[in-house]
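Below: a set of structures, written as C-alpha cells.
After this come two complexes, each holding chain A, first together with chain B and then together with chain C.
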Partner chain A sequence: MTLKGDSYTVEYVKINNLIVFRGVLRLQGREHYQQIFDLLVNSISDVESVLAIDMSKLEFLNSSGISSLCLFAIHLRDVPGKRVVITGSNSISWQAKSLSNLLKFTNKIQLTLI
Partner chain B sequence: MKNLVHIGDSIDTEEGIENIFSVAILPLDIFDFWERCGQFSDLIAEYFEYNFSDRPGCKNLISTVINELVENSVKYSKNKSQPVELTIRKRGDRLVITVTNSVPRHQKEKFASVCKELFERDLDELYVERVEAASRDSKFSGLGLILLKKDYNAQLGFNFFENDQDLSYVTISLDIEV
Partner chain C sequence: MSRCLYVGGALVVDDASLDKVRSSLDTLLQDNGPVRAINDSAQRVEQLIKLTQSLVQAVDSTLRELADLRLIHESTLEHATEVENELEEKNARITELTQKLRKYLPDALYDRVMGGHLEAESPHQRKRLTILFSDIVGFTTLTDHLEPEMLSALLNSYLDAMAGLVNKWGGVIDKFIGDAVMVFFGDKEGADIQLETEKCVLMALEMQQQMSLLRHHWSEKGLPGDLRMRIGINTGYCTLGNFGSEKRMDYTIIGGQVNAASRLEHQAPPGGILISGSTYLLVKDKLECLPRGSVALKGIHHEVETYEVIGQRDDNLPCAYLDETEQGFQLRAVHFNRSTASRIECEELRVACLRALQIIEATVSDTELALGAVVDLPERFDKPAR
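And then the complex of A and B:
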C-alpha cells in the first residue's frame, strides 16, 4: 500500500515488513497525518514481529508529523510482541536532532542514524 | 507598543548583524496554499545558504527552523488577513529570527503560560507530557517551540504587547547556531 501526496510517498512493502518514507512532509496539522498514522498502526498489526521504517529519504517532517510518530510510539506500548526498527539519516536535521524523541515513549523502538 | 510582557531569553537583534532579510506574509495566503509555507522556508534557506557554505546541511536546518516558526505564527494569528512579519538576521555563525503576529485576546494568557513553561520545566519531560496531552486535545501545545529549544538548542524570547488600538501581538525571537 502506498500513500501519495504532492511532495511525499509513504509505502508499505509487505513482503519486506518495511515502510519507506520519501520526500517532504509538512502537512497542516496532526489531523492531516491521520492516514499515515493509520498506515503505521495497520502495518505493525500486519507484521509478525518486527516492522522496519526507512526515514532516510524523508527530507523534511514538521513538528506535527513528529508528534504523529510519537503517538505511534505510544500506540506501540500496547501492541504485544512487536518491535520497530527505524533507519534515519544524520545529514537531515530533523532526523539527526529530533528522531530520537520517539525513544522517550517506548523501549520497543530501535533507532539507527547513518 | 504598550503593556509589554517579556518571557524567556533576551535576544539582541541589532549588535553585529551582517545580513538581514525581512518579509511580511498574510496567513490567509498560506492557509489557502499550505505548500507555500515550505516553499517560503526553502527560499529563505537558499538565500542564507551562501553565508554558511562551510556548513553542510545548513539549508535543511534553516528551512526546518523557519518552517516551524512560520507554521506557528500563521496558525495562531488572530487575524488571518493581517500580515505576519518575519525578519532573519545573520550574526557570525548564527541566525537571529523574529516573527510577529496578532494573538487572540482570550488565548493570550494560555499562550504566555505555555511559553513560561519552556523556561521552568525539564524540556524532555515537558515534550512527553505535551505529546500525550495533544493526543486528547488539539489546541495550542507549543510542541514546535519545545523542539526548537530542546533539540536545536535555540535561545527563545517572547514579547507580548498591545498596539494603540489595544490589539494583542507577540514577537517570538530566536537565536540559533547554524
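And then the complex of A and C:
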C-alpha cells in the first residue's frame, strides 16, 4: 500500500514488514496525518513482531508530522509483543535529534542512523 | 458497696423467655438511633474508599497523559528548532550561492531571475534591441603561442573589464565566446530604445578606451601590448527568450539582426566601432560618426549602411587620456603608433592634447595678466572642434 502526495510517498512493503518514507512531508495539521498514522497503526498490528520504518529518504517533516510519530510511539507502548526499528539519515540534520526523541516514549523503538 | 460473691451457676431459660429476649433485641436495633448511624457510616466509608480509589486511578491516568503530552510538546518544539536551524543554514547557503550566481549574470538578468519574472516556460517575444559584438583581432592565433597561465591572465583581465562596463551601462551579456563578447540593450520593461542605443554606443567607446589602458598594463607585464578590439553594433527586431533543452536553457536573442551585428564586427577596423544605419539614426545627435558606405553582409538580403563611430559630440565629457584636476591635469602615458592607431584613439588623443594646451594657455594668460602684460592666444589653441 502506498500513500502519495505532491512531494512525498509513504509505502508499506508488506513482504518485508517495512514502511518507507520519501520526499518532503509538510501536511497542514494533525488531521491531515491521520491516513499516515492509520497506516502505521495497521502495519504494527499486521506484522508478527518487528516493523521496520525507513526515514532515511525523508528530507523534511513538519511539526504536525513529528507529533503524529510521537502518538504512534505512545500507541506502540500499549501493543504487546511488537517492536519498531527506525532507520534515519545522518545527512538530514533534523533526523538525529527528532527521531531520538521517539525513544523517550517507549523502549520498543530502536533507532539506527546511517 | 456491692460485691460479687458468686460466679457461675445455671441459668434456666425457657423458649418463651428466649423469644422475649429476641424480640427485645430487635426492638432495640430498630429503635436505637446510634447503632443504625454506625451501620450507615460504615457503608459510606466503604463507598468513599471506592470513590477515592477510582479518583486515584483517574488522576494517575491523567498524570500519565500529561507526561506524554509534555513529551510530545517538547519533542515538537525541539523538532521545530532543528528545522528552523536547518532552514537558517540553507538560507545562508542560498545567499552564498546567489552571490556567486551574481558574478555570472548581468544585474538586469539576475534581477529578473531572482525576482521570479523570468520563467523557463516564458513565451518568446519580439523586441527591438541594440546588439553589440566585440572581438580581439588575432586573438585566436595568439592562443597558440601563449602559455596557458599568461593567456588566462590576459583573457580574464580583458573579460573582467568588459563585463564591468556592461554592468555599469546596464546591458545584458548574452555570452562570452572565447575573447568575443555579445551584449544587448533594450530588454528592460518600458525601455526607450534610443536611450538604450546611446548607452550601448557610449559603452563601446569606453570599451575601446579601456582596451588602450589594458594594452599599457599588458605591456608592463610582458604580455602582448598591441592587441586591438573590433566592435560591431546593430539595432533591429530580434526574438528574445529561453532557448535550449529542458535541462540547459539560455536566455538569449536570435534573428537576422543579431547576425548583422556579428558581421559588422568582422568588418570593423581594428580598434574601431562600426554601426549600422539603423543604430546611427538613434545616436547621430550625440555621437560623431563617419559614413563608411553600404556593405553586403552575409545572410542579410539588402546592403547595410555603415558608420564608424569617432567620438562624442559633447566637449564637456571626460577625456580618456586626460584627467582634469583642481590644480591642472594629468596626461596618461600613451604609446602612439601611427600605423595601428584607430580613428577613435586619434580623436581621443587630439581632444586630450587640445584640452591640455587650453589649460596651459589659460595658466600662462592668468600669469601674464597678473604681471600686466597682454597675451594673444594663437588660433590653433582655440576650443577643439569635434
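Here is the rule we use: the second predicted complex is superposed on the first by the 114 of 114 C-alpha atoms of A that agree within 3 Å, B and C clash if a C-alpha of one lies under 4 Å from a C-alpha of the other, contacts with A are read in each partner's own complex, and residues count from 1 in each chain.
Just so we're on the same page, contacts are C-beta pairs under 8 Å (C-beta built on N, C-alpha and C of every residue); 3 or more make two chains touch, one makes a residue touch a chain.
This one's a predicted model, so the numbers in the text were calculated from it and none came from an experiment.
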Quick one: on chain A, after the overlay, do chain B and chain C clash, or do they fit? Just give me the call. clash
Between chain B and chain C, point out the one touching more chain A residues. B
Taking the superposition on A as described, I'd like to know which of chain B and chain C A:Val24 touches: first, second, both or neither. first
Looking at A:Trp94, would you say it contacts chain B, chain C, both, or neither? Reply first, second, both or neither. both
After superposition on the shared chain, which partner residues are touched by A:Ser63: those of chain B (first), chain C (second), both, or neither? both
With the two structures laid over each other on chain A, which partner does A:Asn107 touch: chain B (first), chain C (second), both, or neither? neither
When the two structures are overlaid on chain A, which partner does A:Asn42 contact: first (chain B), second (chain C), both, or neither? neither
Which of the stretches 37-45, 73-81 or 289-297 of chain C runs into chain B once the two complexes are superposed on chain A? 73-81
With the touch criterion stated at the top, can you tell me which chain A residues are shared between the chain B interface and the chain C interface? 60, 62-63, 66-67, 70-71, 74, 93-94, 97-98, 101, 104-105
Sort out for me which residues of chain B touch chain A in the complex. 34-35, 37-38, 56-57, 60-61, 63-64, 67-68, 71, 75, 124, 127-128, 131-132, 134-135, 138, 143-144, 147, 151-152
If you look only at chain A, which of its residues touch chain C in the complex? 60-63, 66-67, 70-71, 74, 93-94, 97-98, 101-102, 104-105
Chain B-facing residues of chain A, complex: 6-7, 24, 26-31, 59-60, 62-64, 66-67, 70-71, 74, 91-94, 97-98, 101, 104-105
Can you tell me which positions in chain C touch chain A when the two form their complex? 68, 71-72, 74-76, 78-80, 82-83, 85-86, 89
